[in-house]
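Take a look at the structures below.
One chain, subunit A, appears in both complexes that follow, with subunit B as partner in the first and subunit C in the second.
And then the complex of A and B:
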C-alpha cells in the first residue's frame, strides 16, 4: 500500500492536538496483518496486541467500532481482547449501533449505504460479509457527523478520498491511515519503537515493489516530522 | 433425438437480416469467416469476457455461456461468462449465441447446451449464431460452387463428412450445428441427416475425427478440445494492472485478483518479492523478544 507524504493530513493534525476525539476503526486495525505469502510467518495475536493494540488503546481514549466490525473478528483471541476492552469500566471502546439511529438518521444512513455499496463487494440484499463492516461503519459515522475513520484498506480509504469524484456521500469523513498512527505512537513514545518500525516495514516496506514506491523507516519518520512537527 | 423447434420463414428472415447487418457493421463482408475473430469482436464491443471451466455434474448439462449486465453509476458493464470446459467450437458458437441475446434484448441470460433448445428464443439465438458465423447465402454458394448442384441429397456420406470437416476448419462451427444447418436449408435428406447426426464426431480415432485431422490437424484438434482456460481478455487484465498502478487496489489485492486468472505480477514486470535479508529479519523478529530501540 502506498505511503503518501505529499501533504499533511488535517485529520492527523487534529488528532495530534486532541487525541481524545472519537476515532472509528475498521476491522483491519484490530486483526493481525497476515502477509505470510511473503514471509514465513505473520504477526500472531499476542505480538500484535503488544506492538499495536495495547498502544493504540493507551493513546486514544475514544476509539470506536461499528457493531458489524465486531462480527468480523473471527479468532477467539481477537474477540476476547475486544470484549475485555468493552467490559472495562468505563468501557474503553465505543460500539456504534444502528438501532440507536433516529428514524430520520436511518433514512439518511440507508441512502449513503446505497451510494457506497456498489463500489464494494457488499450487497445489502445478500447481506454478505465481504466489506460489510466498512460499508456499515462509513454510513453510520457519516450520519452521526463523526469525522475520523482509521483503516488499512485501500478501497475503504478510496471511498473517502474520492468522495466527490465517486459521489459516495462521505465528503465530511477523513481517513487516517495505519502509518499515520504508527508515527503518532512513535512520536508520543507509546509503544515499542523497534516493534513499530517492524510493523511499518511489514505493512508498507516489505516487498521489492513497496521498497521502490515507499520511504524506508528513517526517511518516513523524517518526512512525517517535517509535515507535522 | 428430439427435433429442434422449427422457426417460420418470417423469423428466419428476421434473424438472417440481423446477422447480415451485424456482420457488415463489424467489417465481415462476403465470404470472410469470423472464426477466431469472435473474441476480438467482443473486445471491440467493450463486452468483457470471463473464461472459467465448469464441468457438468452427472446428467445435468453445464451452461455454455452467460450474458450479464451490471450498472455502476452511469456506466453499464456487459460480461459474457464462458464455460471453457466445453469444446472450443461450442465456445465460439456459445459466444455468437449470446451476441444474439445482447442484440435483441436486455437482462441476464444463461444459456444451457440442450435443455432450453425447445424454447423459441434459444432456437432463434442458435440460428443467429449459425447465420452469424456462416451466412446461409455463403453456404449455398459454397455448395453450388463445389458440387455444381444446390442439393447434396445424392452425395455419399463419406463425401459429406469430408465437406463438413472442411467447413468446420474454415468457419469454426460445431459439427452438429453444420449438419443441422444443411438440413434446415434442405440440401440433405432426413436419412442423411440422421446418419450424419448419429456419428461420434469428437472421437479423433473414428472416421470423421481422422478426416478432420487430415484436413487441418492444428485447427481441427483445437476445435475439438475443451480449453479449460481461466482468464479474461488482455484489455480487462490491463484494467486490473492500471488499478494497481493508480493505487486503487493494493499489492495483495493485485496478486489475488490476477491469480483468479492464473496470472501473476511478474508476468507484467512487477516483482512482488521479499529479499532474503528482510525475510530473515522478520523471522528473527517473530521468534524473539521485542526489545526496544529507543
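And then the complex of A and C:
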C-alpha cells in the first residue's frame, strides 16, 4: 500500500478537529493484518488489540461498521471483542443495518450498489462473500450521506478517490487510510508510539518495494506534521 | 425490483429547475448541494444521498418515488447454484464464480485505467 504525502486529506483535518464524527470502518481495520508472506513476525489478536483496537475505540466515540462487516469477523477472539464493544452501554460501535433503511433509501441504496459492484468481486444476486462488506458498506453510507470510510484496501479506496472518473457515485464519501489514523493516535498520545511505529512498518515499510515508495517512520511523521500541524 | 432511474431524475431536475427559472448555482444555494453535483445529476452521472434527494424534491416539488422504475434483474450464474449439486460440485461452482467475478472486475478496472490515460499507448 502506498503512503500519499503529496497533499493533506480534508477528511483527516476534519477528524483532527472533531473526532466525535461517525467514521465507518472496513473489516481490515478490525482484523489483525497477516503479512506472513514477507516476514515471520506478525500480529496476533492480543497484540493487535493493544496496539490498534483499544486506542481507536478510545480515540473515536462514534465508530461504525456495516452488519456484513461483522459477518467477516471469523476468529472467536475478534467476534468476542467486537461483541463486548457493541454490548457496552452506551454501545461503543454503531452497526449500520440495511433493514433499518426506509423503502426509498433502499431503492437508492440498490442503485448505488449497482454502480459499485461491477468494479469489485461481489455480485448482489449471488451474494457471495468476496468484497461484500465493502460494497454493502459503501452503498449504505452513500445513501445516508455519511462522509467517512476508513479502510486499508486499495480497491475500496480507489472506488472513492476515483469516484468522478469511474462514475462510482461515491463522490460524497472521503477515504481515511490506516496510516492517517496511526498518525492521529501518535499525535494525540492515544496509542503507544513504539507500537504504532511497529504497525506502520508492518503495513507500509516491509517489502523492498514499499521501502522504495514509502517513507520510513521518522520521515513519515515529519511529513505528516508538515501537512497537518 | 424497484430502481432509481437516473434518466428520469436528470430530466425532472432540469425541467423543474428551468420551470422555476433557477440556475444550477441558485438551486445549489437553495438545496445545499454543490453546483457541480447538480450538473452531474442532470447528466445522469451522480446519485444523491437521501438528504440531498429530499432537499431537491422539496425545492423542486416532485415525489422521490416518481423517480423509481421497476427493473427485472437476471443473472445466468444463479442457475448454476442448484440444490441438487454435491458438496464438491458446490465448491467447484463457487470457485468458478470467484474466477468469473475477478475476471469481470479486472477487465473493467483495466478499461477504466486505459480510458484515464489515452496517450499512454
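Here, the second predicted complex is superposed on the first by the 228 of 229 C-alpha atoms of A that agree within 3 Å, B and C clash if a C-alpha of one lies under 4 Å from a C-alpha of the other, contacts with A are read in each partner's own complex, and residues count from 1 in each chain.
Here is the rule we go by: a residue touches a chain if its C-beta (ideal position, glycine included) is under 8 Å from a C-beta of that chain, and two chains touch if they have at least 3 such contacts.
Everything quoted here is computed from the prediction, not taken from an experiment.
Superposition of the two complexes onto subunit A shows subunit B and subunit C fitting side by side, with no clash. In the superposition on chain A, A:194 makes contact with subunit B only, while subunit C stays out of contact range. Vertex at the C-alpha centre of subunit A, arms toward the centres of subunit B and subunit C: the angle is 60 degrees, rounded to a multiple of 10.
Of the two partner chains placed around the shared chain by superposition, neither subunit B nor subunit C is touched by A:75. Judged by the touch definition given at the top, the superposed model places A:107 against subunit C, while subunit B stays out of reach.
Judged by the touch definition given at the top, the superposed model places A:169 against subunit C, while subunit B stays out of reach. Residue contacts after overlaying the shared chain place A:144 against subunit C, while subunit B stays out of touching range.
In the superposition on chain A, contact of A:126 is made with subunit C only, not with subunit B. Of the two partner chains placed around the shared chain by superposition, subunit B is the only one that A:38 touches, whereas subunit C remains out of contact. Once the two complexes are laid over each other on the shared chain, residue contacts for A:118 go to subunit B and to subunit C alike.
Across the superposed structures, the minimum distance from subunit B to subunit C, using CA atoms, reads 5 Å.
Overlap of the subunit B and subunit C interfaces on subunit A comprises residues 118-119, 166-167. On subunit A, the positions that touch subunit B within their shared complex are 1-2, 35, 37-44, 47, 50-51, 118-119, 154-155, 158, 166-167, 189, 192-195, 197-198, 201-202, 206-210. Those residues of subunit A that touch subunit C in the shared complex are 102, 104-105, 107-108, 110-112, 114-115, 118-123, 125-126, 128, 130, 142-145, 162, 164-167, 169, 171-172.
By the touch criterion given at the top, residues 72-73, 247-253, 255, 265, 270-275, 278-279, 281-283, 285-286, 290-294 of subunit B touch subunit A in their complex. Residue ranges on subunit C touching subunit A, taken from their complex, read 1-4, 6, 37, 40, 45-53, 64-65, 68, 73, 75, 77-78, 81, 94, 97-98, 101-102, 104-105, 108-109, 112, 116.
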